[in-house]
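Same chain, two partners: chain A is paired with chain B first, then with chain C.
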Partner chain A sequence: MLTIRDLSVGFRRYRGLFRHEETSRLSGLNLTLDAGEVLAVIGGSGAGKSLLAHAILGLLPPNAVLRGKLAFRGQALNPVYPPALRGRKIALIPQQVSHLDPLARTGAQMSWAARRSGSAADTTARLAALGLPPQVAQLFPDQLSGGMARRVLLAMAEAGAPDLLIADEPTAGLDPENRDAVLRMLGEHARRGAGILLITHDLKSVLPIADRVAILDEGRMRGIEFPRNFTGRGAELTSSYARDLWRALPENGFLTDA
Partner chain B sequence: MPVLARLLLRQILLLVVVALAVFLLMKASPVDPVDAYLGPAIAHASPEQKAQIAAAWGLDRPAKEQFLAWAGHVLTGDLGFSTTYNAPVAQVMADRIGASLALTGLAWLLSGIMGFGLGLVAAAVQGSWLDRGIRIYCYVLASTPTFWLAMLMLMLFSVRLGWTPVCCAGPVGVPQDEVDFLARLHHLVLPLAALTLFGVAQIALHTRVKLIEVLQSDYVLLARAQGAGRVDIVLRHGIRNAALPALTALMAASGEIFGGSILAEQVFAWPGLGRATVEAGMKGDVPLLLAIAMLSAVIVSSANMIADRLSRRIDPRMGVA
Partner chain C sequence: MLEAHDLAAGFDGRTLFDGVTFALESGRIMGLCGASGAGKTTLGRVIAGLHRPSAGVVRIDGQQPASGKAQPVQYLHQSPLAAMNPRWKIRCILAEAGQPEAGLLTAFGVDAEWMGRFPHELSGGQLQRISILRALTANPRYLIADEITAPLDPVSQARIWHLLGQIARSKQIGILAISHDRALLDRICCQGRFELGQRGLIRHEAAGPVGVIDPDPAGRSARSAGRTAVRC
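Here is the complex of A and B:
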């Protein structure tokens, strides 16, 4: 469904008046994501995870330089982003509550999201489906708890029943109960045939729902692993980076080879 | 209503301070009210006669006593007598406040609406030639003195092109209450344009910067990810989030527009409070000047207070104090 071939993203900035230099942030990325699959992208901060999400959505800043090929269902996403894809076929679940307009009520923002994706703005039903009371529609974003906000963001992303969901750290800052609830909802989407790109730094929590785990570090892919291989001392893992990462987890003894 | 009481107390304190400052400044000014009152007739007045006038106006008493006497009268609702216009201050103000409000109020409102609109457009097409054009316009206007702009417009539109009248709020020689609406409008256009053009710059620049900030926010990123277009984003998120700073800037600009109107009224010979201020200052007419200063203090401080209160109502994050 989603094919990424040799993707590189850099930023151009001016030095002096005429010379400019480019700093590379993602290079040589290859990924595929199939329908019904959950692909977890693991990496620390600055690894380029959010950049990857923005590149797939065609939302890179103007000074970004994108090379390589991005395609969604055979349709090229670059250099010109096709219309009527964002919000309808590809949706973003963002990281923080700051992605909600602080001056608009939750209900209004949910119905805007629905209208933008071309579907009906049935806010009450959408809230109920997430286990939230209808009064939540009257609240402003700063009045939502972390878990509620995450569910609202999820509901907004689901409004257009997208084929590809890009979840950028959907569980950061959540308690285990809310975290598992969000992950469970993402897993259900995958079972209904959607592709999920799950971006996170929390390796352990996504292992139960991920089909494959891609490891990103400093803008480069360090290997794609199967979740079942993250076990014991990680002997089955194909890349040494993944093995080191696994062993360095507190539960696995903080082991470092160095 | 402890909040209201506190605000009222602050307002009263402000008025006392403003009145005292204006009074002391006038006492320190070299203008002698009696000389200014007599004008050319001073050649026929003896020092004894001048002393008589000064005594009749209470100018022979100590400054402290003069101020307290004035304050006492104000508390009973008597604003005093204007020596410039030979009429009670309340009467002078009532005659002019309509013309002033029409000019200043409209200029303030129009500059708010136009400034907000221009700012939104400039930010939405940031970096384009349209944005550059709006910015250059704002920078030029923001660094142009109102009276100079007024004089240029007068030279162009009234003297050279003859489109607008050269002065006043109605044809010369016709009593103000006999001037019909169209003639009034015709006389209002040029001073209003001068004051509005001047006021637009600030609001537009404030709005532009705020909207640019909004357009780079996380919530606009999400809106774009949802497939929203530029117009959708500006209408739903831009106006909502840029309105408060624009409103605050507009309320804060009320003082500048009021100050600008003094100069513009002078240039266009507009019979409003601005011109009365200049007259009162030149002739040492303390009661009239005090009354105008206090009125403008009330207007400017109320406008800022309203902006303050409004932002707490509109923005849920500010909370209600």
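Here is the complex of A and C:
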């Protein structure tokens, strides 16, 4: 469904008045994502995770330089981003809850999202599907807890039944119960046939729902692993960096055995 | 000894928690977890003197911290970017607390080249190390570490906590570590893990070995004695 070949992203900036330099933020990335698959992209802050999401959505700032090939269902996404794809076939669950309109009630925002993507706006049913009471529709974003807001963002992204859903840190700042609820909903969406690109720094929490785990570090792909291999001392893992991450978890070695 | 006695706090007349009483010893790490919105950050800010409690007192060695001086309890923000002036370079940000010790600069792996950069030009892990270094330069007796490694990868997280564990022991700084990650708290907290509820703190026993980043056997025996002294 999604094919990424040799993707590099850099930023051009001025040095002095006339010269400019380019800094590389992502380089030589190769990825494929199939329908019905959950691909987790793991990386620490500054690894280039959000940049990857923005490249797939064609939302890079004007001074970004993108090289390589991006294609969605055989249709090239660069250099010119095809119209009517973003927000309909490809949707984003943004990292920050501040992406909600602070001046509009939750229910109104959910029905706008549904209308934009051309589907019916049954807000009450959608809220119930997320395990939220109908009164939530009357609340403003600042009255929602972190877990509720994240589910509302998920509902808005899912409104048009997108084929590809990009979730950028959908569980950051959530307690374990809310985190697992959000991940479960993403897994269900994949079972209905969508491809999910799940971007997160939390390796442990995605293992139950991910089909494959891609590991990103400082803009480079450091290996793609199967979740079942994250076990014991990680002997089955193909990349040493993945093994280091696994062993550094507090439940495992926490670097005391390094 | 940092003592919190019967603390209560909230916002706009709504109480988040009350009856929070605990004691944190110098050189020890105590863990604090709780559901989203339970008031973990607010409790941390109350102890650091950044939020006025609606009831209760915080005492350090039996005395209430004086205002107007460098605070003996330093608060480490989850997002260090939010605790720094975005128009200042790293050099100025560090100088706010004084001249950092050369030994600490080396221990935290601070590159001299970072000094001329702005906060947004460092990665999350690098910036968090700068933030911790700045707090330590203020010679605190206690640190509040509010989800300081939550957005970091496991390797950076483990490095920061090993370093903080060593510093806490050598400088006798007590640390209140706030996190959602119970496994992390069980790993780092030699003084145990507590859960914040509306009616105060509940102590949890760890499933595995507790506080294994503290390899000091002498500290370990003192610690088990200290654990019984904890009130919750």
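In this text, the second predicted complex is superposed on the first by the 255 of 258 C-alpha atoms of A that agree within 3 Å, B and C clash if a C-alpha of one lies under 4 Å from a C-alpha of the other, contacts with A are read in each partner's own complex, and residues count from 1 in each chain.
Everything that follows uses one rule, which is that a contact is a pair of C-beta atoms (placed from the backbone, for glycine too) under 8 Å apart; a residue touches a chain by one contact, two chains touch by 3 or more.
This structure is a prediction, so every number in the text was calculated from the model and none was measured.
*Asks:* Should chain B and chain C be called a clash or a fit once both complexes are overlaid on chain A?
*Replies:* Chain B/chain C on chain A - fit side by side.
*Asks:* With the two structures laid over each other on chain A, which partner does A:L59 touch: chain B (first), chain C (second), both, or neither?
*Replies:* After superposing on A, A:L59 lies in contact with chain B but is clear of chain C.
*Asks:* Please state, to the nearest 10 degrees, the angle that the Cα centres of chain B and chain C subtend at the Cα centre of chain A after superposition.
*Replies:* Between the chain B and chain C centres, as viewed from chain A, the angle is 80 degrees.
*Asks:* For A:S45, using the defined touch cut-off, is the partner it touches chain B, chain C, both, or neither? Pick first, second, both or neither.
*Replies:* Second partner only, chain C.
*Asks:* If you stack the two complexes on chain A, which partner ends up touching A:T123: first (chain B), second (chain C), both, or neither?
*Replies:* neither
*Asks:* With the two structures laid over each other on chain A, which partner does A:M156 touch: chain B (first), chain C (second), both, or neither?
*Replies:* first
*Asks:* A:T106 contacts which: chain B (first), chain C (second), both, neither?
*Replies:* So A:T106 meets neither chain B nor chain C here.
*Asks:* Is A:G173 contacted by the first partner chain B, the second partner chain C, both or neither?
*Replies:* second
*Asks:* In the overlaid three-chain picture, which partner chain does A:T200 touch, first (chain B) or second (chain C), both, or neither?
*Replies:* neither
*Asks:* Report the closest approach of chain B and chain C over their C-alpha atoms in the superposed model, as a whole number of Å.
*Replies:* 10
*Asks:* Overlap the chain B and chain C contact sets on chain A and report the shared residues.
*Replies:* Correct list for chain A: none, the interfaces share no residue.
*Asks:* Using the touch definition from the top, list the residues of chain A that touch chain C in their complex.
*Replies:* 42-47, 145-147, 172-178, 201, 203, 217, 244-246, 248-251, 254-256
*Asks:* Under the definition above, what is the set of chain B residues touching chain A in their complex?
*Replies:* Those residues of chain B that touch chain A are 217-219, 221-228, 232, 236-237, 240-241, 314-317.
*Asks:* How about chain C: which of its residues touch chain A in the complex?
*Replies:* 34-37, 123-126, 150-159, 161-162, 180-184, 186-188, 208, 212-213
*Asks:* Which residues of chain A touch chain B once you look at their complex with the stated criterion?
*Replies:* 54, 57, 59, 84-88, 91-92, 94, 96, 98-104, 112-113, 116-117, 140, 142-143, 153, 156, 159
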